[in-house]
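Okay, so chain A shows up in both of these, paired with chain B first and chain C after.
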Partner chain A sequence: MPRLALISVLLFGVVHLPKGGPADVYAADPSATPEAIERMKEIWGLDQPLHVQYLRWVTRLVQGDWGRSYVERRPAIEVVADRLGPTLRLTGAALLVGLMAGVGLGVLAGVSRSPGVQHAVRVIAVLGMSVPTFWSGAIVLLVFSSYLRWIPAGGVGTIGGEATLLDALWHLAAPALVLGSVYVAQWMRYVQAGLESVADDDFVRTARAKGLSRARALLRHGLPNVLLPLVTVLGLELPRLLSGAMVTEVVFSWPGIGRLLHGSLVTRDYPVVLGTLIVAGVAVLIVNLATDLLYGVLDPRVRYA
Partner chain B sequence: MRWRVFFHQPLGVAAAVVLLALAVAAFAAPYLAPYDPNAIDLRTLQRPPGGAHWLGTDDLGRDVLSRMLYAGRISLLLALVVTALATAIGTTLGALAGFFGRWTDRLVSLATDALLSLPVLGLAMVAGSVLRPNLWTLAVVLALVSWPILARIARAQVLTLRERTYAEAARALGLRPQRVLFRHLLPNAVAPLIVAATLLGAQVLLVESALSFLGYGMRPPTPSWGGMLNEAQAFYRQSPWLAVFPGLAITLTVSALNFVGDALRAAMGGRGG
Partner chain C sequence: MTSIRRQFATLLAVLAVAITPIAAAQTLTILFPQEPGSLFPHFDLLSLAHEAQDLVFDRLFAVDEQGAYLPELAAEVPTVANGGISADGRVYTIRLRDGPAWHDGTPVTAADLAFTWRVITDPDLPIPTRTVWRDIVSIETPDERTAVITFGDTNVSFLGAASFAGAFVLPSHLLEGIDDLASAPFHRAPIGNGAFRLAEWQAGSFLRFERNDAYWAGPAHFDSVVIRIVPGSEAQRTVLSRGEADLVLQVALTELPFVDGLAAYRRASVPTFANWQLWLNNEDPTLADARVRQALVHAIDRELIAETLLGGLSRPDDAVLPVSHWAHADDVRRYPFDAAEAERLLDAAGWVRPGGSAIRERAGQPLRIELINIAGQADRLQVVQAVQAFWRAIGVQAEIREVDAASFVPTLGGGDFQSAYGFFGEGQEPVWNLWLGTNWQRYGNQEALDLLRAYGVTVEREARRELAVAFQRQVAEDVPVIILAPRPLLAVVRADIQGFAPTTTSSLWNVHAWRR
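After this line comes the complex of A and B, so read on.
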């Protein structure tokens, strides 16, 4: 709760404290007379001191009134809600890509004892988290869309076309792969390090004493223990995933929260700007809470801790 | 920190050399750059790499190599300043929180958790959009959103070091708490902080270039690697080299920082970071 309060103060401050905030947007219009500006400020409540504005904003926020979008002339909460689906789809798919490839490669590296493989995994891991997604995304688009014409140039579906599942997946593939590739490296490394650390644990040794091969002992007995903490890591990584999604959405013209934020900043549509950030903050809090609870279900040991 | 271990890692050493070379190139940009980075030449629009322009020219006929060198100055300077600022803020706040506990800890942890649960890029985008930043405001904005990771690590370090016998001895001698913290505890926490700062530098560079790519970073015509990718967006198809080189520069620098951080972590004995 206090965290939520601080987040709200922070967001409000970032938008309202500096010059060029909502109040100055109207003033910048040369056709606006001083009286009209004053009247607009009164209507939007911008003539009040900041703490009054903040309290009013927070009260309404909690009641579900996030203000009206200056541009779309409808409640900001609706504008944001419309974009939630695409972002969830993109981040979900990227997470899936990252997890599957990352855990797969991590297991490969963790079970293998060849220094060459382990070295290669380390290099790939570092390179993977060093490539900016807005660049790799642009290159992917350039090669596979502009030149080869294998994938669409962006968007969630063919415009005017039938909304089939296949079409949606076809549009989703490239951005999800680009965004997910960043996480492949991380999970891979995490799983490899985890497998190495449990390799000497008693329960893996017992399994080997029973006559299991090293690989089998690690996979059957070691891996579940390594994957468990992944649930928490997943929750903690979410803000970064959202940051990544914001750029990826812009590159691939994906109509999600990130592109909405970008567009709203350009048009200075502050209720929507705040709305997107609030949604992001709340999503992270919910996921963190959910992972904590889930962890208790998955690992009985923490329930008594 | 065992430096012998660091120097026995070819990748880490190579990455350090690359970083050094990049830093020198950026520092010496005015002497190395063959052209004025902002000189518009309408006779040489979008020339492919080769000939008089090694890396080609952009849509305004500006020399890409010269712009890249000057952009490196901005990007590296920003990464350095932001990392230094964020490390200073994060270490101080984290150390105070870990050492004094109680309400100091609660306050710092609250701020850390709040900032860590927001997408950094989103916050920086908003700040960049309302502030129209120059180099220094941009650095402050980025530092203000990136210190929490350092604070977490400093806090955790101080929390464990505080229980060591030498800390107890220092307290038993009647030293003032500030002295115990800054003279006895923090120096022992330096190694993991250096690793974290190196990796943070890589993150900062990525966020900064994403910010510039989206148009919230340095204002044109000041070149930055992300900004160059932004300006070239409409010409990727006709002039792919405009898309390739700045991205390569970012990837090279970020991965060099990450490799150095990796090697430093190994030199520390795999702890922390």
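After this line comes the complex of A and C, so read on.
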């Protein structure tokens, strides 16, 4: 409980740290008088000392009231909820892409002794880790949407069209691949290194002594040992996945909470910023809990310890 | 024979009708880089929110391409001559047009106008602009289509305020009695009186509007309008290269080369009365000397900046009101690019180059000026960097400090700055808020400011123009701000769209008349 209180203070303080507030966004307009801007601050309670504003926010928060968006003029919880679905779809798909491609390529690199495969894997790893998503996203749009017309120009669905699963997947594919590609390289290297490290362990050598090929021994006995710590890594990567989604959402006009957070920071829409951060924080907590539980399922030693 | 011929003609007519293709539903697709927060008029100053509201609502007056007032909900533009404005400029009599109705069928009445005034001036509502409307003492409605608006003093800005980008009339029969209009569902589900009605709003994705067949000026040619939210420049380029948009508003100037390469589109300059300018803090010890300020403007090749970094959309000028404004002053002091004159002025002000040093000094203090810019926009940064280079050439070290948009105004308002780059503009009827209100530049010439105070109580327009011109002449002498060039906005429109005629108040004001 004290830790949660501390986090809420830090969160509130950091969000309010930069100069300017939601009313100041309007102040640049020639028709907005200083008196009207000051009145807006009074109505919104932004003229109160920060600790008073914090106490009011936290009191309402524990009662389930996140406050109202200064921009959209509706409950912040509604604003965030509207954007949560697209982000969950995007990050979920990106996670799937990262896992499937990362583990697949990692196994290939760990099992194969071909110099060509090793070289190709190194190239993929360097590219995947060094290419930022805003660049790869722009290139994907340029090549596959502008020139080849294979994918749409962003968004979650065809406007005015029928909302079908196929249409949703068609729009989801490119942003999910771009966001997931960042993790392909990382998880591929992780699996490859893990397989190489267990290749000479007793249990693998025993399996091979029983007549299994190196590849089969590694896949059947080595891989489960490598994948176990990967679950922990996945849990730790979620915050980075969410922050990466912010960039991808802007590039692909994806209406998720990353783009919402970016816009809300610019307009100083505090209730929405805080609400988005709370959702992201809760998501991290849930994933960490799920990681712990999954660990117990995958490794009985943890369960009985 | 005649009968056979008639039957044959009838058959042909029936066949002609049968084979005529049914016209496909026409949708106008507009790209917005930013999503409006609310469509409830008066609560938002975002210009894109005003554009979206313009589809759903009408104002009393619109402004055409030449800057002339056009009656929209009003039946005529009031003047002293037609008795719509009293001789002392205190009373405006507005007669509403017969025909406009809300989307639920209720007629628009004078009571709606009176209600709109009460909303704008309600001190308990977070309304960012109450200018002009707050000076109204009463609105009487002798009949359903007449409103008599009385000001406490002479008011010369009402027509400008009533045709302002967001000055839409509200439906009293739907909103009167609602406790908290600041959080009413009307923000996201408005009932208006314009050419289109809001049909669907998917947060972060798009807004879809359907044609109002009962619109007073006749149904629009397009069946529907879609505002598609596309924030990233890459995605905008992709949409344009696929031909999926009819119009893009507020395109970044850095996109000009790309835009000019699109065969299916043409670029359009959307006029505004704003200038790109550099605020100079006139109370800063370095910048308090007018010779320093004059040197700084002489040092900048504004022609080059306008032609290259500002896309050649406008020509540099030294007057506060741009050349398109009716009160623009032609005969102000000019500051052509002249680095030698700039150096001479700085020498005269005591800022010299000891031993030919790169940076000038006075009493051992180097000539450094901090230049504040709003971060995150490439076209802005390019201009600021060009200014930095021009000033460097005359021995002034400019240090760029980037702040975010929300911090910009508090920084200027608090006086914690030396110079800052941005834009600012007046409306059709200037209220001079930058000079008599915020005065971020700390301009202290009271004689010049008195001209503006006199402007505010002068009914006759020509007399007002003379006061505005005199003020602009004095400002050009004092250089409290450096005006780089007027700021038209860049729009991209499909070549086959007819009727697009952006004005200083709106790009979509006449959207009902557009056709493909």
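Everything that follows uses one rule, which is that the second predicted complex is superposed on the first by the 268 of 305 C-alpha atoms of A that agree within 3 Å, B and C clash if a C-alpha of one lies under 4 Å from a C-alpha of the other, contacts with A are read in each partner's own complex, and residues count from 1 in each chain.
Note that a contact is a pair of C-beta atoms (placed from the backbone, for glycine too) under 8 Å apart; a residue touches a chain by one contact, two chains touch by 3 or more.
Values in this document were obtained by computation on a predicted structure and should not be read as measured data.
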item	value
Touching partner for A:Met129 - first (chain B), second (chain C), both, neither	first
Touched partner set for A:Leu142, first chain B, second chain C, both or neither	both
Contacts of A:Pro34 with chain B and chain C, given as first, second, both or neither	second
Contacts of A:Arg73 with chain B and chain C, given as first, second, both or neither	second
First, second, both or neither for A:Arg208, with chain B first and chain C second	neither
Partner chain(s) touched by A:Leu6 [first = chain B, second = chain C, both, neither]	first
First, second, both or neither for A:Val250, with chain B first and chain C second	both
Which superposed partner A:Arg216 touches (first chain B, second chain C, both, neither)	neither
Doubly contacted chain A residues - partners chain C and chain B	18-21, 138, 141-142, 146, 250, 266, 268
Contacting residues of chain B [partner chain A, same complex]	11, 110-111, 113-123, 125-127, 129-132, 202, 206-207, 209-210, 213-214, 216, 226, 229, 233, 236-237, 240, 243-244, 246-247, 250-251, 254-255, 258-259, 262
Interface residues, chain C side, partner chain A - complex	27, 29, 34-35, 37-38, 40, 43-45, 123-131, 164, 182-185, 187-188, 202-206, 208, 226, 228-232, 234-235, 237-239, 241-242, 244, 403-411, 413, 422, 424-427, 431, 433-434, 437-438
Chain C contact footprint on chain A (complex, rising order)	18-34, 36-37, 39-40, 43-44, 68-74, 79, 82-83, 86, 137-138, 141-142, 145-146, 149, 153-157, 159-160, 250-253, 255-256, 259-260, 263, 266-268
Chain A - residues contacting chain B, complex	2-3, 6-7, 10-11, 14-15, 18-21, 122-123, 126-127, 129-136, 138-139, 141-142, 146, 236, 239-240, 242-244, 246-247, 250, 258, 261-262, 265-266, 268, 273, 276-277, 280-281, 284-285, 288
